[in-house]
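First chain written, first letter: the chains are A, B and C, and each begins at residue 1.
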Amino acid sequence: MSVYLELQGIRKRFGHTSVLDDVNLQIREGELVTLLGPSGCGKSTLLRCIAGLADLDGGQILLERRDIAPLPPRSREIGMVFQSYALFPNLTVGENVEYGMKMRGVAKADRRRRSEELLAVVELTDKRDAYPQHLSGGQQQRVALARSLAVRPKVLLLDEPLSALDAQIRKNLRAEIRAIQQRFNMTTIFVTHDQEEALTLSDRVCLMNKGRIVQEGTPEQIYTRPRTEFVARFMGSYNVLTRPEALKLFDGLEGSADSFAIRPESVVLLSGSAQPLPADKRIVEGTICAVSLLGSIIRYAIDAAGVRLTIDALNDGRSLPLAERSPVLLALDESQLLHLEKEGA
Amino acid sequence: MVPSVKWSPAKTANEAVEIKERRVARLKRSNRWVWLGLVPFLLMVLMFQFIPIVSMLTGSLKPAEGAGISFGFYERILKSAYYLQAIKNSLLISAASSAIGIAVGLVCAYAVTRFPFKTRDRLLMLSNMTSNFAGVPLAFAYIILLGSNGVFTLLFKQWGLDIFGGFDLYSWSGLVLVYVYFQVPLALLLLYPSFYGIRDQWREAASLLGASRWQFWATIGVPVLSPAVFGTLGILFANAMGAYATAYALVGGNYNLLAVRIGSLVSGDVVNQPQLGNALAIILALSTLLAVFLNHLMTKRSQLLHTASPAKPVRRSRRMPVPRSVGAKEEL
Amino acid sequence: MESGIKRAGIAHRLLMLLLMIYLLLPLLATCIYAFAQEWQTTVLPERWTLEWFGEMFRDLRFLESLWTSLYLCLISVAISLIVMLPAVFVITVYLPKWESFMKGLVVLPYAVPGVVAAVGLIRAYSSGPLEIAGTAYILIGAYFVVVLPYMYQGIRNSLLTVSAGPLLAAAELLGASRTRAFASVILPNIWPGVLVSSLLSFSVLFGEFVLTNMLVGGQIQTIQVYLYHRVGESGHLASAIAITYFVFILLLSALLMKLGQKMNGGLKG
């Protein structure tokens, strides 16, 4: 598949600070790419630049090989869903969905047909004549989605669309959005600060920090192979170790990396001495400092050779949780130890 | 006295009753304090707000002589060309000055929201400051400016433009012009908050959907604003109908205005027909009450339009309200 | 549309400039008139003088009316404060159901204009048990109603801003009686806001004409009434009075603004 949307050397400054610093990204048609990162990393700004709601200081935005950067928002054929829904309060749901078509001069009958089609997709056909104020947050967001899709945009942008919703609704809507996106084969950019959302929804994830893309890849890649300490810390409860700390747990380490990461779920805990010790793993003694039950996972804070580690174990009911202050053996797999690069590499 | 609640269980039925009685007594005592705080207030409002109104109403419904209910005075008014003229004049001037005031005020309100907060506040403050001038000083100032020997009249005559030559300050158009002076700041003050209710994101969403600036305002902006605009129109209208000082100082009894007529009937040098003044006052009040009621309806509708948003944690503004225009109303 | 939305373009600036000129013109004209020796048929006065101001300050009636205005307004505001503070407090904290009724009070100056109020007052109190028409008493009562909306809103907003309800509850739980709680906890906190509304009410009353003229115009002369009489007699003198009055109100408003700012700063902590 060829490149559908390409960002080349995007630069933006706000006074003296650089908000976006040489951002490059290639997106294929039909892909859902998530821009992930902490507040202030520039992900929303990048989205707004793509939509034309913010000016660029440098760079190009190529949509189907055409630079759309000089075009105003209404000529870019891009749709956007906002965190605050931004539904027009004086129009009914149906009129909101038909708004884009009305602006483009589409005939009434065609508008009606298309809006009904989309309202059926978001399952709000019976709310066609209601006003946005009377709908719940989740419903309003679905209307916003239908409204954006009605004009058949080339790219759909979603700016933290689920952040204002309750947890349960968020999960349901998340799945709906993904289903609709795939159904329409819509090239989509999704912005969020929630890594769980990013991992479940996307074809590809771009992690951003301070105006740059720090790492990019499939959810699997980003989660299992973080390149830098920042990525490791952001994508879950990785244990990040300094070189001296890592050396305490493993004998001799190759390479020149200064920090290392190991996933909490990749360390196996062995309690008693009755079990045969696995040969291919490095065994270290440790003591349990704290135990917390997170539902399906039991999280242990363990002190092993002077290094504080977080280890997760599946709460499958087969073994009882280990008690605090009890001694425990950790089976560490060196292949699971990730060598991290320095930031900005 | 600490409002304590003893949780020790009552040992006998008698004790239970006793405890209950004590609680009720305490409640009664605190209620007494509550009412004490209210009594002077209620008394004043009763004496100086309600009783006059009631008195006016009953007075206007009495016949000229004797007792009973009669619409005699109202009949006289509605049959009198003179008083009908006064009502008509007032209605027209109020309508015209409100329309102009709101048009100018709306445009200015839009402009004022484009400035940073500090500048905006200063501009509003300036606008409110000038409304202190309303009433007698204002009328006089306009005489200086546009009277027969007024600055502008002479200036334009010098320049050869005789537009102000034909203009009579002491006529209908003159009054409207002077009224507009205090209507515009009021409209500005009442309307500018509404522009902040037009969300940026609506504009952005609309533009992404293909709407031009004009299309946005025509389909979203103006409809969302219109309740506020109509509501303000109501206030402006009531304000103009009730205006007295400016008109009195400008034209005195020479121009037939309802408010001034009432004044002269009830308390002038020659107090001749207070009862008639009563009835006229009721008619005036009806028009202003209607206008204010319109404002009330429109405010409710406007609030309806502005609640379409997710519950964002609204930073409870702990600012004291900027003291509302020192006399933004025309006069009191 | 970063570049489009929140910046003031040239058109907007021009518009605001025009508005300001329009609003300041009458003031300017009056000011010039007050300093002009003679100003009959020329665009700008031929000679300038300060004699009008001198005459004004020497005029006994001016000084009298100024004094009358001052003490009448002060008394009215004081009475209003004494009556409204406990009442608004009680309503805001204990009787929230009355709030909707009280909201109607805010539009009172528009719904029942001065003329109408005057007519009613004259009729009610010209005869019968309480014949106070034509006295200062009825004027003070009328003034009370005039400033009611401003005092109500001001005190209410102060109470809400300092969260009077929870504050009072906290004080009571700590052992204070209701009155002590009010005096020691509520009052000091709302005092700045109350002061601002009092000053506002004072300004409003100072500029009041309708009620004053109709109710007591013949017997009691406030500065506005005096001004009206002088306009007919000597325009220059009247201008001097108008300007003086305006400057006074201006200073008062400036004080108001400063106080308002100081309060906002204080409460932000």
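The working rule: a contact is a pair of C-beta atoms (placed from the backbone, for glycine too) under 8 Å apart; a residue touches a chain by one contact, two chains touch by 3 or more.
No experiment lies behind these values; they were computed from the predicted model shown.
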Which chain is most central here if centres come from C-alpha coordinates alone?
B
Which chain pair racks up the highest number of C-beta contacts?
B-C
Please compute the C-alpha centroid of chain A, do the same for chain C, then give the distance between them in whole Å.
58
For the pair chain B and chain C, the C-alpha centroid-to-centroid distance in angstrom is 15
CA centre of chain A versus CA centre of chain B: separation in Å?
53
Among the residues of chain A, pick out those that touch two or more other chains and give their numbers.
53, 73
So which bits of chain C are touching at least two other chains?
1
Residues of chain B whose C-beta touches two or more other chains
204, 207
Show me the residue ranges of chain B that touch chain A in the complex, using the header's touch definition.
199, 201-202, 204-212, 215, 219-220, 223-224, 304-312
Using the touch definition from the top, list the residues of chain C that touch chain B in their complex.
1, 4-9, 11-12, 15-16, 19-20, 22-27, 29-30, 33, 40-43, 82-84, 86-87, 89-91, 94-95, 107-125, 141-142, 144-146, 148, 150, 153-154, 157-158, 161, 172, 175, 177-179, 192-193, 196-197, 199-200, 203-205, 207-211, 213-215, 217, 224, 227-228, 231, 235, 238-239, 242, 245-246, 249-250, 252-253, 256-257, 260, 263-264, 267-268
Listed in rising order, chain B residues that touch chain C in their complex are 1-3, 30, 33-34, 36-38, 40-42, 44-45, 47-49, 51-53, 55-56, 59, 107-108, 111-112, 114-115, 119, 123, 125-127, 129-130, 132-145, 149, 151, 154-155, 158, 181, 184-185, 200, 203-204, 207, 213, 235, 238-239, 241-245, 248-249, 259, 262-263, 266-267, 274, 277-278, 281-282, 284-285, 288-289, 291-292, 295-296, 318-324, 326-327, 329, 331-332
Which residues of chain A touch chain B in the complex?
51-53, 72-74, 76, 78-80, 82-91, 99-100, 102-104, 131-133, 137, 140, 144, 147-148, 151, 164-165
